[in-house]
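As written, the chain order gives the labels A, B, C and D, with residue 1 at the start of each chain.
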Amino acid sequence: MNPELRFTDVVAEASRPQKRKDDIRNFEYSYRAEITSIYPLTDKETLYRIQIVDPEERRRFSFVPGQFIMLEMPGIDEAPFSISSSPSIRGEVELCIRSVGNLTDFLPRVRRGTHVGIRGPFGTGFPMQQMHGQNVLLIAGGLGLVPLRSPIAYVLENRSHFRDVNIVYGTKSPAQLLFTYQYEMWRKDDINMDIIVEKADPSWKGPVGLITDPLKDILSGRDAEFYYNTYAIVCGPPVMFKFVCNMLNEFHIPMQKMFVSLERRMHCGMGKCCRCNVGSTYTCLTGPVFDYWTVMNLKEAI
Amino acid sequence: MAESRTRTYLGVPMYRPRVAFFEFSSCEGCQLQILNNESTLLDFLSLVEVVNFREAMTEQSEDYEIAFVEGSITRDDEIKRLKRIRKNAKTLVAMGSCACFGGVNQLKNRFRNPAGVKREVYGAHPVDSGPVRAVEDVVGVDLRIYGCPVSKDEVEKMVLHIAIGKSIVVPKYPVCMECKRNENICLFEFGEPCLGPVTRAGCDSWCPSNRAGCWGCRGPAEDVNLRQMIRIMEEHGFSEETITDRLECFGGFLSLMKPERGKGG
Amino acid sequence: MIFRVFEKEELRQLFDILSDHNRVVGPVEAGRDRNGRPVYAFSDVREFNDIRLNHTVTKLPAKRYFLPFKEDLATFTIEKDNWHKSIAYNIERPFVLFGLHPCDINALNKLDKVLLHSVYPMPYYAAKRKNMFIIGLDCVPQPYCFCRSMGADTALHGFDMFITDLGSRYFVEILTDTAYNFLRHIRTEEPGEEDHILYMKVVAERNEKFTAHVDTTDLAKILDMEFQSDVWKYWGDRCLACGTCANVCPTCYCYGVEETVEINLKGARKTKMLYSCNVIDFAEVAGGHNFRPERHTRLKYRYYHKHRGFVEAFEESLCVGCGRCGESCLADITVPEVIASVRGSGGNE
Amino acid sequence: MKKTCTVNIRPLTRVEGHGNIRIKIKNGKLQEAEWSVVETPRFFEAILRGKKWDNAPWITGRICGICSIGHTLASIRAVENAFGIVPDEQTRKLRLLLKHMETLQSHTLHLCFLVMPDFMNTGSVFPLIKSHGDVVLRAAKIKKLANDVCDCIGGRRLHPTRTVVGGFTMLPEKRQLHEFSERLKEITEDLMILSDLIREFTLPDFERETEFVSLKGENDYPFIGGDLVSSDGVHMKEQDYKKMTNEYIVKGSTSKWCRLSRGSFAVGALARLNNNFDFLNPAAREVAASFDLKPVNHNPFMNNIAQLVECVHVVKESVSLIDELLDSEFGEPRQEVRPRKGVGIAAVEVPRGILYHCYRFDDKGNITKCDCVIPTGQNHANIQHDLEALAEEYAAKGKDDRELELLAAMLVRAYDPCISCSVH
């Protein structure tokens, strides 16, 4: 009798590692999740609340602000989206999605109650705990408010741990402002919020200009101590954070305390498909949140 | 049909468009490819309502949303017909190389003397025929299905995507990608010319997989390096004539070739 | 490691034993090229005589048995408005890879680093890797081989057994008990002193045959410094952006994912396709922005990933020096030339 | 009784290409009956001028989408004849098998998808999917098999890729041939069930004596190359095709017309069958007998039945061809091609009748002159004469517009015209 090779079932024979990231079973595993609410924010952006169906899984699912998930609509597409809700709510995420392509055009047409698959959370987050006791600058341009909403929620829930908190938000036009209904609530919690648009419309009464304008006002005339003890989170299109970070730099906010979130094409979220590489760094593993010093050292980052 | 109105994909209502097929100067092979789809024809037909398909049905209607147009345009009456179709259709799809680039038919444009071309075939007898044009040279085109003939999978995919509301994408990269995916050995190894490196993929490298070099029926891929392609062909010992034969065969590369070889030359 | 020697005809016997109950894949002649030289490819083999033990390099690497060019990651059944996802790792039974050269074994070892031993191990790869019985085979360096420069000319692990031709007999290194047990079915001997001498001689002779070299000293750093070099434009002008180099590369593993719905709407699938960073839309995002719109930026990225990024992450480069990409590149862009030009550069080539 | 009627069909549907029918009857007298071809010309013969020989099969295959395999094979044969290449046994068999499968797929398409609706009072096959699902599925099954074989041997069901001068770029695997053989045996039953159904249709009872032209069988029912023959007793060599076709130009038509011994002649399945009945295999002859189809039959509507008979014939023949191929060792797929100066002519029986390609080459193998004579082009005059006779007959009887319109359409459709092909 000549010998036959034995089949190895890699999954069955794998040991259960401590970390989710090391478990071979997790590669393609997606949580079944239900779209529990769909709320149009503008004509292009919609807010989805998505809840994991299985109660046990729901309990286990947690994330930190800045992380993203992969959302899958079977047969349509799977794509990365930043989590835009509070990290203290387990097993549930809010995503604010702009319609720009295949999946994102399809999603606004689905009904409440539809099931989707989600994988993750993936990537690095903003180091919120490190920021305790410090001033925080939260700066968003356009869709950048979406990933910023999660650290904002954290700050609100832990307001006493932070000193000065400033939100600076700019968009092209007033019609593009997201989450308008929440500004008042944020401001109530002793948070200063500046909003500026590049082009006003008849209804707009606020300031018009670039996001760096209110930022300059906030930063000017403070003492060195303030700058040194300030953390900044910058989310938005690459051109914007280039200017913003330059300004922060001029005011000597430490580069290691400035955080940005990079966006690249992604197909896996797990450091395998290589589509998100900047230079040769995986945005999905080492990022999407990077401190500014690291970004400066990445080729082709901005 | 009531049933069609309630059809959904993952809860999203589907759209069952009224489609029409039209042909101009061509071999009608692209239409035939659709009928050739025996195993999925019924599923295909359930996604659309065919209201015009001269090759297969007698009924005709002017009320349609999507017009699939096959063939190149050579005569004034064709231009008139095409313009009417454009007016009626919400979406006009240029189907096949003839519609997209003029196809093999545009080869006659390479003669500087159109009267001589006519004489060659019809003698002194007068025939009405102008230079061969692609559909988009006459009216606006919304979507293109490349290929001579079109691949039935692509047509089906397009219709399916329209029905469920998924975007329609064609590969931007060249045929070589698919050729390698199909684990072929490159035809240049065997001393055969091939336009795979500059031709838009999507045919699943049909010809190279059958050991025949690509003739570029799907037209250029995006950001192609034609100069380098020509140099490679020359280095492999292929005559200028062979290179030109391939590049001009279906008309897709004309705009990238030397100006004196351009359309209507 | 355990070593053995055996008479040449025993190899046929070993093949027959292996192929009796197992699928065997090995290098075969797939045709003759335009110069009459054989073209090799990995393929299923039923007869020992079909295997080309003296093959130079296969056009495509054995990568596709581990990372298929196209593979379903998941399939869905769709019922009404609901769906069910099923996952399969796409290998049913183990098989034998008969005759892998050291560079190709090293390529698998490199892939292991990112696909098995890094975060998020990939079960699709693992299932295949763990179910492949690999018989390594020594080789004769070809003019385009620079594996020695890349430190990939000998394989220390990643196979089950490795065979070296000593002229009259075969010398075999045994790495796994499976291999050991198989070898019990043929006649082998403990190698003697003269076998060891012969082995050394064979290896030394082989090492002299390398003609292509790549200077890798400080390469990661030099690449970093030459990021803006015009040399890249020179190569970018030649590149066809056809993706062939990545597809024939035994270590390139980038991919894209595409979902499709079946025309009867009863199913859907999520398919992974190996991609290439040289093709136009590799880094393009929705809305049309492309992070690497020019050919030279993409070509450069391929070199950065292989010779810098991977080095940073795993202390070694993602290239084994098999020379396939250069041989297959219709534009004659070869690694030794590109790297030499970058090292020597400051301006144009 | 209606004495005046007009029929104006533009364009005729369920045929390949654009053609119009116009009939005018006034006071029981036929005033006008016209079959006109308005398809736009594409000038293939001019296009090829100056092109290298290897362009010919690739480009001329695009003359017609339905019989692209036939055109490709005719083109290849013409080039091979010019260069003195004789295909080996293996190539000949594979080409014939490919040819058979094109015939099977084309005839099935015509019979079941284009003609059948006329007999079932619908405008297309689409409603039949619901009402006669079984028939449609069987037809689709036959067509699929034929197309699958074409994909495998020719490389593609339409505009084949493996067929080249000198042979094939690539050969099928024997495993595939084996599978096809099994499937071919299976569909014989489907064909029989289709025949039973078709036997229930009443074909119009109309006859007009004419001449039938086809290849002349030597030992077999002919398909690729050989002598030319007519039912009026003309017998010629392949090279003399011009004398067999005598093309001429008619006003108002973009297709040329042909004639031989009489004012017109017919080509196609009925012509082949009328001239070569004895070479049909027994199963096919049996089907012919069940329809009372014997040579020489002068009812043009019987062309439909002749197609059905040919389907049975090619299926049976293909099974034996595959057996022979399976029993032999495959050799090299293609021979070397050495171009030389000369003229090459080929006659091939494609589904719609006899097709001729003729090229003249210079010493570099470039085409200096090209001529293609298409079956439908040869049929146009005959269609016209049939149409006149049919209208005449009905003018006397005095039928209504609708009925005459349908009948006229059915008549032209029976020829399975390939109009864009005839205006190449």
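One rule holds for everything that comes next: a residue touches a chain if its C-beta (ideal position, glycine included) is under 8 Å from a C-beta of that chain, and two chains touch if they have at least 3 such contacts.
Owing to the predicted nature of the structure, the values given are computational and were not obtained by experimental measurement.
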Contacts common to subunit A and subunit B (chain labels): C
Between the pairs B-C and A-C, the one where more C-beta pairs touch: A-C
For subunit A paired with subunit C, centre-to-centre distance based on mean C-alpha positions, whole Å: 37
Computed distance of Cα centres, subunit D from subunit B, in Å: 26
Euclidean distance of C-alpha centroids - subunit A vs subunit D, Å: 65
Subunit A residues counted as touching two or more neighbouring chains: 73-76, 101-102, 114
Junction residues of subunit C - those touching two or more other chains: 78, 81, 83, 260-261
For subunit D, residues that touch 2 or more chains besides their own: none
Contacting chain pairs - touch in the sense defined above: A-B, A-C, B-C, B-D
Subunit B contact footprint on subunit A (complex, rising order): 73-76, 101-102, 105-106, 109-111, 113-114
Subunit A - residues contacting subunit C, complex: 2-11, 21-22, 24-30, 72-78, 100-102, 104, 114-115, 117, 263-265, 267-268, 270-275, 277-281, 285, 299-300
List of subunit C residues in touch with subunit B within their complex: 30-34, 39, 41, 59-60, 64, 69-70, 78, 81, 83, 237-244, 247-248, 260-261, 263-265, 273-274, 276, 279-281, 295, 328, 330-331
Contact set on subunit B toward subunit C in their complex: 8-11, 40, 43-44, 47, 156-157, 160, 164, 166, 172-174, 176-177, 180-183, 185-186, 188-191, 196-198, 221-225, 228-229, 232
For the subunit D and subunit B complex, residues of the former touching the latter: 11, 13-17, 39-47, 49, 51-52, 54-55, 58-59, 62-66, 68, 109, 113-114, 117, 123-126, 129, 140-141, 143-144, 147, 155-159, 161-162, 164, 169-170, 249, 254, 420-421
